[in-house]
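Chain naming follows the written order as A, B, C and D, and within any one chain the residues start at number 1.
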Amino acid sequence: MPEHRHRIRVRYVESDQMGLAHHSAYVAWLEEARIEWLRTIGQSYRELEADGVLMPVIELGLTYKQSFRFDDEIALLTTAEVLGRTRVAFTTRFMLASQDEVRAEGRVVIAAVNREGRPQRIPAALVTILAS
Amino acid sequence: MPEHRHRIRVRYVESDQMGLAHHSAYVAWLEEARIEWLRTIGQSYRELEADGVLMPVIELGLTYKQSFRFDDEIALLTTAEVLGRTRVAFTTRFMLASQDEVRAEGRVVIAAVNREGRPQRIPAALVTILAS
Amino acid sequence: MPEHRHRIRVRYVESDQMGLAHHSAYVAWLEEARIEWLRTIGQSYRELEADGVLMPVIELGLTYKQSFRFDDEIALLTTAEVLGRTRVAFTTRFMLASQDEVRAEGRVVIAAVNREGRPQRIPAALVTILAS
Amino acid sequence: MPEHRHRIRVRYVESDQMGLAHHSAYVAWLEEARIEWLRTIGQSYRELEADGVLMPVIELGLTYKQSFRFDDEIALLTTAEVLGRTRVAFTTRFMLASQDEVRAEGRVVIAAVNREGRPQRIPAALVTILAS
């Protein structure tokens, strides 16, 4: 499974009074990277939800080694791993788009659930791609 | 209609690299003040929505005179005005909780709509209180 | 002065339980559009700040006609107007990137100030471009 | 070290189109709980920063078992643990204010650094209280 590369630029609103990108902003970036990753493999997360496949986050981990600042362009490199029938883990490295040094790492586990919040299988087409 | 007073404290995440509360944070504070205001008159906005009365914002205005900072305690003083059958305006003055000087002012117009987004009357009980 | 066009895509985190892009998200989008607009004319807002030219928002207005949803691609069309020596107004129309209908409009007035918060002139180079 | 209890109420802006409190909101709540916890032991985080003691987050972990919704009142129960001379871990359980069931758990490691980002000792007064 090749790594997915996504770029974001730190918004001003995401800066804090330390002059750094606030640590909560990374959570939204992980989500954006995940959704763009799905788009590149032909899966619209909007349509998945419309079809009754919801993917709430059930686990989140982040380690921050070096900070980012407003206006930095960040490359997010994401890989996915199928965890059984109902869960997927996404692991992401954050680096400046212009450099190779990993500044932060994140891992998110999502669970496929239906509209009532009960676990359901990840759609087969998605598993095939993720597990390839 | 007496003014409703609500207090919030500026979160760290709401600070920006200028060292000020970011101008977008005021929008969330206005919303919180509005919802707490409804609560004090016995109207849960959660229940209003569950009953099919949605209240999206259709107009927003803010003027910023003096800034706030992380950890400041802010008093929001809000009054409401019924604008016809389907709209309400909320006007809010922002000041430090410990002072009387108005540092910012906001005005939000909300429209009552149903789940399909069509205008509907504001519930009579609510109008009665708002117009009193 | 030609209009500046910027595109954003509504993030999942920007959706709310009405299923719409929350009205506060537009404020961050306006900011991003403004900063990208400056970049296209050769002005890095990061560098302006580093040089001691801060540009806090002193006025904000938004009208919401039709809503956006998660995953919508939005085109923001922005024009600028110099208001005296220390202020600039940015006016933005929001539309779906694939359509021509204006769904929301925003206007932001920013004031150039120094690090102590005192008004200062907008840099001449910037005025020249903005007023051209 | 007794547990610190802090309450927050889920803001509307923190809801998402699944109808749940978005998973990124917990990060801001953890921060608020931590700062209020410091306040109760007589340490203003604003003053710590003004004195040159910055406390960026270097590690974040969250597990989400049961979700929260807009308007829920959440109790955050936080304990702290000193990790050597320059780090503190804060562990938090999230539950509905009206119930005893833990719905989510979070852990944040912060590092004391100076304005240049170099590690520095946590102030002795703070260590004494945290380690008691």
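FYI, a contact is a pair of C-beta atoms (placed from the backbone, for glycine too) under 8 Å apart; a residue touches a chain by one contact, two chains touch by 3 or more.
Predicted model, so just to flag it, every value in this text is computed and none were measured.
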item: Relative to subunit D, chain with the most remote C-alpha centre; value: C
item: Chain centre separation in whole Å, for subunit D relative to subunit A (CA means); value: 23
item: Whole-Å gap separating subunit A and subunit B, where each centre is the average of the chain's CA atoms; value: 33
item: Centre-of-Cα separation between subunit D and subunit B, whole angstrom; value: 27
item: In subunit D, residues with contacts to at least two other chains; value: 12-13, 17-18, 20, 24, 27-28, 31, 69-70
item: Touch-based graph of the chains, sorted into line, ring, star, complete or other; value: complete
item: In the complex with subunit D, residue positions of subunit C that touch it; value: 12-13, 15-19, 22, 24, 69-70
item: Footprint of subunit A on subunit D - complex, ascending; value: 17-18, 20, 23-24, 27-28, 31, 49, 54, 56-65, 67, 117
item: Contacting residues of subunit C [partner subunit A, same complex]; value: 11-13, 27-28, 31-32, 35, 44-46, 69-71
